[in-house]
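Two complexes follow with chain A in common, the first pairing it with chain B and the second with chain C.
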Partner chain A sequence: MMTETRRSRLRPLAAVLTAALLTTGCGGPAPSGDGDDGKVSGTVRLLTPIFEGADGKTVLEKQLADFKSKHPDVAVEVDYTTYAKLNEKLTTSIAGGRPYDVMLMGVGWIPPFAAKGALAELDENKQDLTKRYNERVVQPGIYQDKVYGLPIMLDTRFGIYRKDIFAQAGITAPPSNFTELREMARKLTVRDGSGKLTRAGVDILSNDLRQTFLPLMWANGGELFTPDGKPAFNSPQAVGALQLMTDIIRTDKSEDFGFTQPGATSLPLAQGRAAMMVGHNNHLLAIEEQAPELVKEDKIGFFMINNERPAMFQGGTLATVSAKSQHPAAAKALVRFLTDEQASLAANEQRGNVPALNGLADSDYVKSNKAAQFAMENLDAAFSEGGVPAWLEIRGDFKAAIEAALLGQKTPQQALDELAAKAQAAIAKG
Partner chain B sequence: MKPRLAPRLALHLMLGGGALVMVVPFFWMILTSLKSRADIAAYPPNLLPDEWVWSNYQAALDYAPFGTYFRNSLFIAIGHTVINLMLATMAGYALARVPFRGRTVVFMAVLAMMMIPTYTKIVPQYLIAKGMPFFGGNDYLGRGGYGWLDSWWVLIVPGALTPFAIFLFRQFYLSLPRELEEAARIDGMGEFGIFARVMTPLVKPAIATVALVTFEGSWNNFLWPLLVTTRDDLRVIQVGLAAFQLAERTEWSYLMAGSTLATVPMIVLFLFAQRYFVQGFATAGIK
Partner chain C sequence: MTTTLESVSVASANRAPRPPRRRRLGADRRRAAYLMLAPSVIHLVWWIGLPVVATFGLAFTHYDVIAGTIQWAGLDNFREIFADDIWNRSIWHTIIFTFFTVPVAMAIAVFIAVLLNQQIRARAWYRAAFFMPHITATVAIALVWMWMFEPTLGLFNLLLDRVGVNGPAWLSDPDWAMPAVILVSIWKGIGLKMLIYLAALQNIPHDLYEAADLDGASGLRRFFAITLPLLKPATFFVFIVSMIDAFQVFDQVYVLTPDGGPANSTTVMTYEIYRTAFSEFNISVACAQSLVLFAFLLVLTVIGRRLTGKDADEA
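After this line comes the complex of A and B, so read on.
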């Protein structure tokens, strides 16, 4: 989730913070400040990377007013931040001995913080949760069979294509395997007389490279880690996925490296400069802003990345409670409130995200947002990143490894072997 | 063409080219701040907006409490600048002109401080601020409360005195002739008078340089204010600008409008101090 901006500059800070966290993060829960009469009370500090801007603040304040009416003795102090700086805020506050009571964090973040004793176990069990959520949605909040986080919203990544461009080329359905993906991409690629790329057959660069590679890897049957927590992302299936990306750029030339990048001001698919892409559900909002007629005229379609099995990348935001909260019952009440249907629907609507609760699949919002609808219909094939305590250190190295393969500096096997060795060292370091 | 005109013309062309390279991103920022979302996304990009969307500025200001952020940044930047000028001039003067045992060691320590990466100091500084005795509910041992966190103290005191400023002032004071100091002393002037009334007025380029660099560093400070504050009424302008960069998309028009507004004080300050600023860096041999 965290953008890559300033990431390299912040590595020394991350190292220091991790060390500090290791020394201070452990310890049992603090004495509760909650009443014995079943009522919860106290001042709860909430750190949120969502509900951004004035709109987001308005939405959250409205929800918190409802929370206050249900729990009049609980005051909530909100600290708004962004995903780009969430890790620094979380780790500094924990290492500094002033953790937030309720912390919203991303998929893949639970094991790193839970392993250091920074999170409190929630009073939930997996079996009950799977009645309200898809099992795949519940899993990122679990570490060592204990529930530490409940999902509020999902960020999903899958295939997005231009129906009109496909129709013009006589292609009737999106690709159902890697071979078709390459063939269609080659057919749909357009270059002008000078050889300059004017339309990429498939855009694999607008999305974060790691988050493009991972769904391809999962679709090819690969896994990030073995069940005992060792790197598995240099398996033949994973290498095959990176080989596909490399072939698209270097062999088929269906997209040129540097053609676009995540966060670019214009999305090639919206401009007709790409026929399909691996994209985020929020890209539908970008298309609506940049070329609203495409959405109105139903020219945008979605497809699961597929080869050995269908796969979709599942990120998201989970609500957690600090292990050192002075008011754990009040904090847990706030987590339950933020993850209930009303509050999470409001959060998803404000951000254009995918609700985590099964019950929201029939909501007007999901019915009106085709990307969210597609994602919810395919949650059985959703895969999440992370899974090991060292994930936040490891994930930042994926980009360089993938780029090295795309630029031909290393073979996919070499790039992923080196990455796996680095990851293994980080895991061993603990 | 006169023979001496050619080199002058070449020089001006080169400098003009350099100036253009520097100015283009600013113009691009201003033009982008006046474009609609669709216009920003246009490919190939348009230089001028199809429609001049002046309302982006109001929308950016409505997106977050920028008035508060602006005021806070200004207050902190002025506070840092004043404190740095006052203390660093004295420290630099002492290191340059006042002989005392261990002066070289102290100077080396100042230089060493310049070499410590900022990010490695953040957690220790955070802990020091949190453990400040008698503040924020803390007892005399700094326990029980949150010290300076979430207060003006934590935004102003750490980083108010910079080793770079001490170093720069020392270099300037070293370059002044000893005769001035001795003449003042013979005339009966005290040591503080010599420092304040004779020597310091002669290091105006250093004062302008330190003032500008301190103000600029403080104005652009992002991570520290973000980490040590949790309340909107203590947040600064750079933290406000970061709010436009969402996880999956960026509000470019608002970000550029906010950045344009955030740049104005720096440009105004530079216009006033540029003569001394250039002279200061040239004399100190720093770039």
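After this line comes the complex of A and C, so read on.
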């Protein structure tokens, strides 16, 4: 009761302070025009992190011209950003009281936003969606059995290997379990006379560490959270996955910590400085740019991370509608448009990503992109991160915990136990 | 006594009735002054004053930016941040960063300024070269340095390789990441410090050096007895500005070592504030962290003032 009273007294203060802190823009949305005649109208603000640069803008503008022809009374104002700056844009717009009508956000973001009432429920149901999408692709857009996000594209992570290097070493197939992974990595590692690493047997550092650890954990039979939302990433299976990463670096020395890092100017696999890696589907684009002959001569292969079960990391981008949108019908129309075959195919082609719609598996783009094809064929073994409202607070702490294990500062069990305790505190805080 | 009283009353009688025209003129001028000041005052209040007040207010609340709810928190946010090992580490990293990029860089800047104050060939070119990093975009600089620090193909390790040294993974090694960031920051920041010292050096009266020469003072003696004491006002200015700058470092750390660097070895206070606010959406805790940063800057400025300010004023 006391809390409620304080809360209600503080609400006006919050509004003033937030407005002051974020120095909101002036003005407000134009009057709503969602008509009774079935036509939608109004000005819809779209926040997108996936149409980057001049090329991305051109692609989206072309799509929006089509949208405009279908919905002539809807104007779309686009705010282009990147995933690195998406949080800032979302925070300031929501806190400023003028959220974007349509927000494109990542997998794992739906529960945090939906739980706090920031997202509008979409007029979709799970059963219908599973006819158009793989069930695993639909799941990240659902919170408490309600659909809040529709997928546009998938960012997947799995094993990528150099067929030519494997063949030179007499290895005929990629690893099918953790034991084989370690053995092959040891065999494929090359150091010069001074002990300097010239080729990593397996590169687990070029990809984001959390997104490398998670597919290993899932492949080992682990889960991120229990069904009732408690941290499960310190289970024996999860510890086993981190132990594998630690063994690769510290025991087998199949890669040195610091040998490479995410976003490095050159990809070790493309240069022959790594024989295999846990990588992103669009690493294929990087390889095509850095060593096009490898793709032309079919020297790049893909494999599912496997131990107790096959696993692939599935991230992606979902289209959502703000609960405070002044034009919900127009915003939902835009979401439907952005997630339809034509617009989502254009978005995926532009980024080298994996289409979310089943219907696009036979598209020329997917047929020409072996990484996208591989990912779409294996979506039944795809796992997504997130699932709890506190995920955005938790996810940033994975990197330091994994690094602490890889550097020998903590055992995998200690690192994950501490991480789980921290996550539990964030979940309890609500 | 009577005379004094009379003179006072006469004086006050003379002063009291001001001509109406002058008073009106004064009011007009005041109005014009307020009008002209208004844009900058509104700008300051809106963009600086209100956010500062908001930061102080929100630091003592539990504010959920997504849900739009707020509760009084008292000192909870401060307890939370000081119980956070990563935040405490970020304070320590910021202090280390400041130590190396302020006093050490200032010493190097004085040295370079003294050298470039001599009559040497291509002096203007050298001055421009030292100042160039300051005016170049930090992100561009950081990207170039990233390439130089690259462990296998980078310039540093290729050079070290030639002399038989196996170079470290500069930006990925927890032991080397912070020194690498400090090196870039010193290189980038030295130009401005050097420029200020150069301006101050040119204001030192030349006859002092002539007198010292007549007394047979060595170059070193002249530097410590004349140059350095007379640079104190500039030193105070450079110290305060550089210290505030160092405590607010963000961009080069963020680009060179994303996500706080390997095992959080380069995370600094500003990055933690950013991460808390925009990665975790925890605005109240970020405001509490900002207040701690503000307190640090305030205390350090006062200490700096005490150490160098008095003499600077006297000089």
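The rule is simple: the second predicted complex is superposed on the first by the 397 of 430 C-alpha atoms of A that agree within 3 Å, B and C clash if a C-alpha of one lies under 4 Å from a C-alpha of the other, contacts with A are read in each partner's own complex, and residues count from 1 in each chain.
Here, a contact is a pair of C-beta atoms (placed from the backbone, for glycine too) under 8 Å apart; a residue touches a chain by one contact, two chains touch by 3 or more.
Since the structure is predicted, the reported quantities are computational estimates derived from the model, not experimental observations.
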- Item | Touching partner for A:His280 - first (chain B), second (chain C), both, neither | first
- Message: One more residue to check, A:Gly408. First (chain B), second (chain C), both or neither?
- Response: neither
- Query: So, A:Ala54: does it touch chain B (first), chain C (second), both, or neither?
  - Reply: first
- Does the superposition put A:Arg45 against chain B (first), chain C (second), both, or neither? first
- Query: In the superposed arrangement, which partner chain does A:Ala95 touch: chain B (first), chain C (second), both, or neither?
  - Reply: both
- First, second, both or neither for A:Ser194, with chain B first and chain C second: second
- Check whether A:Pro72 is in contact with chain B, with chain C, with both or with neither, and answer first, second, both or neither. neither
- Message: On the A-aligned overlay, A:Asp155 touches which partner chain: chain B = first, chain C = second, or both, or neither?
- Response: first
- Query: Where does A:Gln261 make contact in the superposed view: on chain B (first), on chain C (second), on both, or on neither?
  - Reply: second
- Item | Footprint overlap on chain A, where chain B in one structure and chain C in the other make contact | 3, 10, 13, 16-17, 20, 88, 95, 263, 265-266, 273
- Over in the complex, which chain A residues touch chain C? Could you list them? 3, 6-7, 10-11, 13-14, 16-18, 20-21, 23, 87-88, 91, 94-95, 112-113, 116-118, 194-196, 205, 256-266, 273, 392-393, 396, 399-400, 403-404, 407, 409
- Task: Please give the residue numbers of chain B that touch chain A in the complex, ascending.
- Result: 37-38, 40-43, 45, 62-64, 117, 119-120, 122-123, 126-127, 130, 146, 149, 223, 226-227, 230-232, 242-252
- Message: Under the definition above, what is the set of chain C residues touching chain A in their complex?
- Response: 46-47, 50-51, 53-55, 57-58, 61, 63-72, 86, 146-147, 150-153, 166, 168-169, 171-174, 258-260, 262-264, 275, 277-283, 287
- Interface residues, chain A side, partner chain B - complex: 1-3, 5, 9-10, 12-13, 16-17, 20, 45, 49, 52-54, 77, 79-85, 88-89, 92-93, 95-98, 155, 263, 265-268, 270-271, 273, 280, 282-283, 285-286, 289-291
